[in-house]
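The chains carry the letters A, B and C, assigned in the order they are written, with residues numbered from 1 in each.
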Amino acid sequence: MTFARRAFIVVWKDLLVERRSKETFNALFFFALLLLFVFQFAVGPDRERLAGTLPGLLWLGFILTGLLGLGRTFVVERENDCWEALRLAPGDKSAIYVGKLAGNLLLMFVVEAILVVLFGIFFNLDLAGVLPALVVVIALGTVAFAAVGTLFAAMTSQVRARELLFPVLLLPVQAPVLLATVKATEAVLLGEPLGSVAHWLKLLGAADVIFVAVGVLTFDFVLEG
Amino acid sequence: MVRIVGGVTLVALAAGLVMAFGVAPREVTQGNVQRIMYVHVPSVWVAYLAFAVVLVASIVYLARRVDGADRLAHASAEVGVLFTGLTIATGSIWGKPTWGTWWTWDARLTSVSILFVMYLGYLLLRGMIEDPDQGARYAAVLGIVAAFNIPLVHFSVYWWRTLHQPPSLMKPGPGTMPGVIVAALMVNFVAFSLLYVYFVAKRVNLLRREAEAAA
Amino acid sequence: MSADPLIRVAGLRKTFGNHRVLDGLDLEVHAGEAVAMLGANGAGKTTLLKILATLVRPTRGTAAVAGHDCARDPEGARPHIGLVAHGAYVYEDLTALENLKFWTTLAGLSPTASALAGALASVELERAADERVRTFSAGMKRRLSLARFVLARPRVLLLDEPFSGLDQRAKKWLEEHLASFKAGGGAILMATHSFGRELAVADRLVILAGGAIALDTPRGSLSPDDVQRLYVVHTEDAP
């Protein structure tokens, strides 16, 4: 199918550029590592207090690195003066959105995996039993985050003060997703079964479907400008 | 035409005031401060109305590129933010003597605050784009995303607050209230809706004249 | 020419804020024709090209390529348009081959490896196929952007000062390439600042001034001096 092929070529191109320039991933990885120290210093050495805030801190880490990483979605187009060329390309523009979203999901999942491992090490968590459930929660939350993030990254890439506008627009929209993921992560880390947070998971699922659908349907209008 | 709406609005607001402060009964535990509910609750209803209009106008704009739809979305978002701000302010004023604190993370205040920030972002986006066509398009996309987020905000915040805590004091169901109170709320709701229409109409006129002057 | 023009502009107006750039512009370019467009900086040449390329919407009037209205049916127009503008539209970290593969696949084509190699060969970039575009000269980048059109086969080429920044060899190459594009039935609209041999490929000359076409004449045997004189007369300022 042409749509899939076009979306895939966008992912291929972004991966190639990233591999050659090594701009984004290394810096994000380092940033995630630094966040660990920042969180530890901010919360203090008290183990009890740390344990209580851990789910929130984990998602705070995802969001902060996500804001940086997602905000850069179209930087390669801007730096190479290719934004106009994307607009000129014939065919359904939402294939570009899907391609960029797929690339962002890949990036987010890798960074999140690293953060989870680091959290496990630094804060001495036993993740063995809860890992599958944790993966489900993280996957559901990240799709919603990346879906809106990719759309807003396209919108703000052509605006002045884009580095400020991007988080300002993205964070309020992510509020319900954040509430859901932190509550669900809390339960999962305590060893509770996924069924006990079914309502949160359903909310996340609904958010995923809604945001990806809106992204696919409206990307054309964003790219046009 | 707009002046007639303005006149009717004034009458309705006056009626609403009378209902709220004269006719409706004084609440037993909270005293007269509870009357602020007659401003607070209609405000939030009108805010939701405003944001629903933003959604519809945004979709119409993207589908048909009618400039009037863009102006309606813009005006409705502004007035919606106004009423949302009013909701938060009256909620806060209500809360201070009632619970002793200016702010509480109860379900309604939290949801409404998230909406407030979302649509402030909408206005910020519009302000930062010079090209009017691009601004209209991006705002329409944001308006659609924000509107679809409203039910998500609702459920997530409500579950967040009520699964481990009793529901907030500020959620009186109409079915459990005496007729006079419901009547007072309804009169004020109509009055505030008319106020919304009046503000939006004036704002749309202003936007249209600005656009015509520039062309 | 009995066939419909490949480029048709009627009553085109474009206003940016308070500034009216194009005001009542009419123009037609037919298949096999090349039109060179002269005008002062800011006269609206680039704006016209962008409107035809579906990148900018007109304020009033119509612009159509191959029968598709650029504002109302941009999706229909785009496959027929090849734009060569100031932006090179290449990813610097990718090789020539990778860039070509990306842009042609995104355009909906699925070129084979040999088709890609052939396209690069026809723009004389076959030896630089696996080199990163970052190392390319301006002429090489322009040739790479034209390689796309070897595969995409647009019917209209819109060029914004295509000869600027090129050395003599590259200029000669571009001239030949445009001539063969014309011979193949395509239409060319080219914005240019020069009066000299770059105009050789043009059949017609238009001068853009005051937001509209001030002069539309066959190039025929006009010398560069003739052109300069006409330019000065119609734009009332020194070139």
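Simple rule for what comes next: a contact is a pair of C-beta atoms (placed from the backbone, for glycine too) under 8 Å apart; a residue touches a chain by one contact, two chains touch by 3 or more.
The structure displayed is predicted, hence computed values, not measured ones.
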{"item": "Most remote chain, CA-based centroid, reference being chain A", "value": "C"}
{"item": "Most central chain, judged by mean C-alpha position against the global CA mean", "value": "A"}
{"item": "Centroid spacing, where centroids are CA-atom means, of chain B and chain C in whole angstrom", "value": "51"}
{"item": "Centroid distance [mean C-alpha coordinates] between chain C and chain A, Å", "value": "40"}
{"item": "Gap in Å, rounded to a whole number, between the CA centres of chain B and chain A", "value": "31"}
{"item": "Per-residue overlap in chain B, given as positions that touch at least 2 other chains", "value": "133"}
{"item": "In the complex, chain C residues that touch chain A", "value": "53-55, 75, 78-79, 81, 83, 85, 87-94, 98, 101-103, 105-108, 110, 132"}
{"item": "Residues of chain A touching chain C in the complex", "value": "2, 5-6, 9-10, 12-13, 16-17, 20-21, 76, 79-82, 84-91, 95-96"}
{"item": "Touch list for chain B against partner chain A, complex", "value": "62, 114, 117-118, 121, 124-125, 128-129, 131, 133-134, 137-138, 140-142, 144-146, 148-149, 152-153, 155-157, 159-160"}
{"item": "Contact footprint of chain B on chain A as seen in their complex", "value": "148, 151, 155, 158-161, 165, 168-169, 172-173, 175-177, 179-180, 183, 199-200, 203, 206-207, 210-211, 214, 218, 221-222, 224-225"}
